[in-house]
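Got a structure for you, written out below as structure tokens; questions coming shortly.
Chain naming follows the written order as A, B and C, and within any one chain the residues start at number 1.
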Amino acid sequence: MIASGRIAAGVALHPRGRLAAAVLASVGIAVTSHRLALALLLLAALGACACAIVQGALAAGTALGRVAAVNGFVALTALTLPFAWTAAGPVLDPSGVELAWLVVLRANAVVLACTALLAGFDAATLARAAAGLRAPDKLCRLLFLIARYLDLLGAERARIERAMRARGFVPRSDRRTVEAYGKLVAALLAGAVARAERVERAMRARGFGRAVPAAPVREAKAREWAWAGGTACVLAAAWAYAGVG
Amino acid sequence: MSSERALSTTEPLLRARDLVASRGARRVLDGAALELHEGERLVVLGENGAGKSTLLMALLGLLPGVAGEVEIFGRPCRTEADFAPNRGPVGLLFQDPDDQLFCATVAEDAAFGPLNRGATPEAAARAAHAALGALGIARLADRPPHALSGGEKRLAALAGVLAMRPRVLLLDEPTASLEAGATTRVLEALLGTGLPLVVATHDPACDAALGTRRLRLADGRCREA
Amino acid sequence: MHLAEGVLSLPALAATASLAVAGVAIGLKRLEDSRLPLAALLGSAFLVAGAIHVPLGVGSVHLLLNGLAGLLLGWAAFPVLLAALLLQAALFGFGGFAVLGANLLIMAVPAVLAHYLLRGLASDAAPWRLRLAGALAGVIGVGGAGALAAVVLTLGGGREFAGLAALFGAAHLPVLALDAALGAVAVPALARLVPDFTRRGTVEWAR
């Protein structure tokens, strides 16, 4: 309990630094085309995930689930890339094999790095982090509002689905299911429209405009950028060791 | 089908034992038990948050992670496949009618349950209109649910339950947030069905009008009240 | 339905990101402050609806609904879908941040297209036209996303990606059928639930 509380406080203190680090790691890894450098970065990301898991900031199951999800697409890529399709059928293509390696390494390194760097993030934290990185004001307010109502609408969907099941609804691959879900989607959207009208009225009642809260942005303290700085160092070290450039 | 089976007078319609359910770190149900027999209208009393809704949901197997024994019409129900055929013969009226009314019109919504039970669209529409007529709200058939008053919404949701021809009703706060006139109409409609029922409420008017027997749910357990 | 990080070359990442930024800028400029709550609430609703899984064979298919989102949101689909993709990237690890621009283009371009192609059809109260608009929103949204993904992969990855692009396109087919069938139900139902929905339930049709 105490550990997770401390981690949560850590996320709350440094969300923008962590988001910046995750973006940096994504871009840095995506533009690396050197196998050894990628392998080193993958190891570093794996280490970061392990640290986060040991510290209790990240559930091992969560990390595994994400890696598995990404590798569905990656497997498809790795199976199709090495072959060139000719009139005579598939032929092994050396440049495709090389590309397949790069994709496998990059995709896994990115998902592990982002999972470690953004451990403990929720929708509201992400919105705060984006505001902290001076994303456009309207976009931040949009993110805040979406984050604000996501749980609410999710709970509404769960309640409606439960009420559907109470009246004998069982999802199957049939027309009946599509009709029921179509009505569910319409009900969710109609509820969203009605709530938006109430929210907009409440905003106007309080003088409109700035009433949609975008959290005040403080000046960043140097230590907030430690995450991004550390990530940059790891990237630079991997590139240097592998002799990139 | 098990639900068509003749029941001896001593066998309860519903029986639940040792129900345990948690919400976060709190045990909402902690060994709760109840039985409902033919001809009974059982009132479950309890404070807000005492677990009344959880208890009713658990009786139909609608909540994941609930431990305990549930028997419906004498058949033990453990898996989703055991519970599914009983959703309909045991009708559940939700606390918030807006959760239940999700279709574009009242009649469409009332037909939802019969369609799930394999009725043809025509038969489902007939069942829907019959249920609306029995509750005296046939005039609402083509209205969208959001345009109804609180009392009308409650009756429309009840029509959706009755259209499935239930043998038992489970009612979650059926009179919550209704004014006096609407409360009377809903209670009369419930008595008018003549069905055995379990009603979770903390409304004295509802308790007085319906109850033949009372349980109090507190600290996750049911006690005779 | 997301491209994973690592498949696109640097020029492709830069090009898609620039186009995506342009789209978001247009969307934000056209999004009036008074419509911000509606855009956000619709965004939340689409995120929640996208988590619905319909059983298919041994697995299940989840909804994309980008065409339907575009129909209601217009250009605001760009910032709203960006917010949705950011949330998915940060909270569920779908896709990374470098490939975000490409993924946003793949989802949002067909969404805006659906808006302009279908707003006339959906403004009509006749139920069959609403059904058709809903079905076509699914076709344009998912079909467009599949086609764009294939184009981005072959142009931005290299000729080696032709096989993957074809597979990726084929994998979209069940989603396309599902989104189209579901849209045909949802749009007429929405029109009945929200009277005057083209004015109240959409972000910029009133202009």
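We take it that a contact is a pair of C-beta atoms (placed from the backbone, for glycine too) under 8 Å apart; a residue touches a chain by one contact, two chains touch by 3 or more.
Remember, predicted model here, so these are calculated numbers, not experimental data.
Between the contact lists of chain B and chain C, the overlap consists of A.
Inter-chain contacts peak for the pair A-C, counting C-beta pairs in contact. Distance between Cα centroids is largest for the pairing of chain A with B. For the pair chain A and chain B, the distance between mean C-alpha positions equals 41 Å. If each chain is reduced to the centroid of its CA atoms, chain A and chain C end up 18 Å from each other. Annotation for chain A: residues 156, 183-184, 186-187, 190-191, 194 touch two or more other chains.
Within chain C, contacts with two or more other chains are made by residues 189, 193.
Residue positions of chain B touching 2 or more other chains: 103-104, 146.
Looking at the complex, you find that chain C touches chain A at residues 2-8, 10, 13, 24, 28, 31, 33-34, 36-45, 47-49, 51-57, 63, 65, 68, 72, 79-80, 82-84, 86-87, 89-94, 96-99, 157-164, 167-168, 178, 181-187, 189-190, 193-194, 197, 200-201.
For chain B in complex with chain C, the residues that touch the partner chain are 103-105, 144, 146. Remark: chain A residues 156, 159-160, 162-170, 176, 180, 183-184, 186-187, 190-191, 194 touch chain B in the complex. Taken together, the chain A residues at the contact with chain C in this complex read 19, 22-23, 26-27, 29-31, 66, 69-70, 73-74, 76-77, 80-81, 83-85, 93, 95-96, 99, 102-107, 110-111, 114-115, 118, 121-123, 126, 130, 136, 138-139, 141-143, 145-150, 152-154, 156-157, 171-173, 175, 177-179, 181-197, 199-200, 203-204, 208-209, 212. Taken in their complex, chain C has these residues touching chain B: 188-189, 192-193, 195.
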